[in-house]
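Per-chain residue numbering starts at 1, and chain names A, B and C are given in the order in which the chains are listed.
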Amino acid sequence: MKHYLSLQDIPDFDKAILEAIALKKDPLSEKSIGRDKTLGLLFFNASLRTRISTQKAAKNLGLEVIVMNFSQEGWQLEYEDGAVMNTGKAEHIKEAAGVLSGYCDLIGIRAFAELQSREEDQKEKVLLGFATHASVPIINLESALGHPLQGFADAITITEQLGEKVLPSLNKEGHVPKVVLSWAPHPKALPHAVANSFIVAMKRLNVAFSITHPKGYELDPKITGDTPIEHHQDTALKGAEIVYVKNWSSFKDYGKVMVEDPSWTITSEKIGNAQCMHCLPVRRNVVIADNVLDSDKSLVLEQANNRTYAAQWVLRELLKTMP
Amino acid sequence: MKHYLSLQDIPDFDKAILEAIALKKDPLSEKSIGRDKTLGLLFFNASLRTRISTQKAAKNLGLEVIVMNFSQEGWQLEYEDGAVMNTGKAEHIKEAAGVLSGYCDLIGIRAFAELQSREEDQKEKVLLGFATHASVPIINLESALGHPLQGFADAITITEQLGEKVLPSLNKEGHVPKVVLSWAPHPKALPHAVANSFIVAMKRLNVAFSITHPKGYELDPKITGDTPIEHHQDTALKGAEIVYVKNWSSFKDYGKVMVEDPSWTITSEKIGNAQCMHCLPVRRNVVIADNVLDSDKSLVLEQANNRTYAAQWVLRELLKTMP
Amino acid sequence: MKHYLSLQDIPDFDKAILEAIALKKDPLSEKSIGRDKTLGLLFFNASLRTRISTQKAAKNLGLEVIVMNFSQEGWQLEYEDGAVMNTGKAEHIKEAAGVLSGYCDLIGIRAFAELQSREEDQKEKVLLGFATHASVPIINLESALGHPLQGFADAITITEQLGEKVLPSLNKEGHVPKVVLSWAPHPKALPHAVANSFIVAMKRLNVAFSITHPKGYELDPKITGDTPIEHHQDTALKGAEIVYVKNWSSFKDYGKVMVEDPSWTITSEKIGNAQCMHCLPVRRNVVIADNVLDSDKSLVLEQANNRTYAAQWVLRELLKTMP
C-alpha cells in the first residue's frame, strides 16, 4: 500500500477487517511503530469524527500529529499546471505537497466535493494533487468522490454485527445477509463520497446488497455497476438485516436537490428488525427518526467508534512500509 | 467526582486547595496517571488562559490532548429533544457527545452565555447536553452560569496570599479577612459566570465576603443568597484585604448594560492596601487602572498561573476514578 | 541568546550554520533536552512552513507544543501603554505576555507588517511587546521587519550548496560566489521582512552580494547599507551562482505596489546556471516561471526543509540556557 486513497488500496479486505477488529481489542499493542514519525492532517472542510478518530488512532501508534485547518491557517492553493498565479491563490499544490513531505512522514487530506461541476469534482484535484506531488503516503480523510476510512469502518461494523460469514474468504456459501443503502431526504445538497465508498465496501463483502432511492438520484453508474436499484423504499427494505441511510444530491443533474420527500425519512416502522447505520452527522427526524436513533437498532455510535480502528489499521500498514 | 460542572462537585474544598498548592510545587509528580488517555477540549468561544492552562495541566499528567474549536472546525449542534433538523444545524448533541465519548476519556467544554434570554442561558444546554449524553467525565471550561476552574484558582490564590486561616477546617476562629467582589464598568455586556463561581468559592472559605455594585446589577439571588450587598463602592472596599474586580451585565434586565459609570473603575487610591484580583482579560483603565495592575497589589498573573493547578487537580481527581 | 528576535541574536553565525547542518544529519540526537518543557506558538497570520517546521523542530527536541491562532482563538490585543481600553480590544499585551509566560517555557510569535504605516510597523509592537512583557524567551516566527528563521535557513541552504567557503571563519580568501537578491512582481503588496533578513544573512557570509529591483523599490537604507544595488536585472544576474527571488512593496511610498512589470519575472533564461531560491509561498509564472521551479535549479524545497533545522538550532540554544 503506497497511499490510502480509496478502498481499492486495501489488497485483502477480509484480512484488513479482521486485523482492525483485533486492534480494537488491544489498541496500544503497537505503540512504538510510529515513534519519531509525524502525521500531518490537513482539513479543507469541517470535521469532527475524522479529525478526532484519526488523531486518536495516530496516538495509539505513537505518532506525533500536526493538525492544520488549511483554508484558514494556510494559503489558498492553485492546482492547475502552468497557471499564471496573479489572482487570489498564493501557493501551488506542487510546493505545498513538496514542502509538507519534508516535515511529515504521512499526510491526511480532507477536501469535499464542491458540487459545482461534476468534471471538476471528478478530477479530485486536492487529493490527487497531494498524491502526485508529495513524496510521502497520502491518506484520504474524505475526498470529492470517496470516504474510504468511513467505508472501511462500516465494513468492520457490519462484520462485528453479522459475523464473519460476511467475509467472502471465510464463508463462500450459506446464509447471505441483505444490506440496503437507502437514500433519505436532507435540506442541503450533499456529496456522493460516503455512498460511493459504502457501495465499494459492500461489493467486497458476502452480502446481498441493493440500493433504494427516488428516481433521478442514480449514483455514478461506474460505481453502482450491476447493484440492484429499487425505487420503492418499502419493497427495498423488506427482509434487510442492515439499512445504511444516507442522503446525496443528484449525480445526473449534478449537485442538485431534486426531492425532499419526507416519506423517505427512515423510521422504526420502516426498518422493522433491521439495524440502522449512518456515517454522521445525521439530521434527526429528517434523515432518520428519533425512534430509530434512540433505539438499540442504531449502530451509528459503533460506526463512529470503529473509525479509530479503521484509521489505525491504515496508518499501521503505511508505517510498516517505512524504514 | 463524576463530572466537574461546578464548584459543588469538589466534595472537600479545603483539601482540594491544599492538594492543588502541593501540585504546584511538584507539577510532574504524577506524570504517568494520564498515560494512554485522551482529553478532548471543545471550544465554542475564544479562550487564552483556559485553553493553554488546561493543556499544560493535562500534559503535566501525561494525558494526550485533542483541541477542537467546535464552531469553526465541526458542525453546528442541535440541543432540542425531538427537533426536526431541517435548518442550519447539522448534528445533534446526542450524537456529538456519544461519538466523542468513544474517542476521549475526558471532555472539557467552553460555551459562554449568549445573554439573549435568561431562560435559555439557565438551561446550560451545551454543558449539560454533553454531561447528559456523554459517557465520560465532562469538565466545565466556563459555561453560561459558572467558571468553576476560575473560581477554584481564585480560592487557591487567596489561600496562598492570606494563609491557611481562610480554610474553615483549619481555622474556625480568629481573624477573618475581608474579601469584596466589586463590579466595574465595561463597554460590552458580559456574562455572570465568573462572578457566580467566585461567590460560590468565597462562601466555602473562612472570609468576610461582600459584594458591591451599582443598583440594578444584582446577581442571581439564588447564588448571592445572604451575601451582604453594598451600593457604595468606597464604603464596601474599606478594610478589604482582597478586592476581586469583575464586570457583569444586568441579571434582572437580562444581558443589558445599565451603567458605564467610570467612577466605579478600580484605582490604587480606592483599594488602599488591599490586593486586587481579576480573572482576565481585563480592560485597563476601564475596569482596573494601570496604577493597580502595574503594582505589586495585582494578583492577576498569579491567578492565571494557578489555573494550571486548578485544572490539574480536577483532571487528576477524574483520572483517579478510571480503570 | 536571551530571545531570537533577529539574526543578530546569533553570536557566531558560521558555528550556528555548521551545527544546524549537523542537526539535520541526526535530528533526534537531543530528544530529551526539551522534556517537560512547553513551546507556545502564537499565530496572528497565516502560516504553513513556519507552523509545521517549528512544531517538527520542537518535537525533535522532546518539547510539548501548544499552537494558538491568536486572532481567532484568543482576544484582540492592545499594545499602547496607558490605553483606556473601551474599544474592541479585550486584553493588553502586558497581561497576555505575562500569563503565557506562566504556561510556556518558550513562545514563538508570528505577526506580519500591516503595511499601513511605516512608523507603526517599525515599532514591531507585537514581537517587541511580547519580548518586553514576557518572562520567557521569545522567538520571531516572522515579524513586521524580519524573518530570521527564514534568513537562517537560507544561509544553511547556501552553505550546503556552495560549500564551507561561504563561511568567513573558514575561508577568508579565494573564490567568492556571487549572490543576487532580485525583486520580482506580485499582485499584492508584500512586507519587507524576508528581504531584510536575507540581506542581514548575506552580510554575514563570504559572498559577493548585490540587490536588483526597479527604481522606487529601495529597501530600508539602514538595512541595505553599502550593498550594491543595480536597476538592470540582466546586468545584476550575470555570473550569479545564487539568485534569491522575492517581491516586496515600496518602502519609500510605504506599502504601495509601484510596478507589476512582468519582465522582472524570473525565468530559466534569466538565471542561466545560477540556482534559484525563494522563501515560499511563490506565485508561479508571476514571481518565478515554471521552467525554473520545476527544474533542478530550484532550491525552494531544500530551503523549506532547512526551516526545521534552523528552528531546531534556535530552540536548542534557548533551551540550553534553562535550568
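The definition used in the following text is that a contact is a pair of C-beta atoms (placed from the backbone, for glycine too) under 8 Å apart; a residue touches a chain by one contact, two chains touch by 3 or more.
Computed from a predicted model, the values in this text were never measured in an experiment.
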Pick one for the touching-chains graph, please: line, ring, star, complete, other. complete
Shared interface numbering between subunit C and subunit B [over half = same, under half = different]: different
Rotation angle, subunit A onto subunit B: superpose the C-alpha atoms of these two copies and give the value as a multiple of 5 degrees. 120
Expressed in whole Å, how far the mean CA point of subunit B lies from that of subunit C is 40
What positions in subunit C touch 2 or more of the other chains? 72
Mind pulling up the subunit B residues that touch subunit C in the complex? 28, 31, 43, 46-49, 51-53, 55-56, 59, 69, 72, 187, 280-286, 290, 293-294, 300-301, 304-305, 308
Complex contacts: residues of subunit C adjacent to subunit B: 36, 38, 40, 64, 66, 68, 72-75, 78, 81-87, 90-92, 94-96, 98-100, 102-104
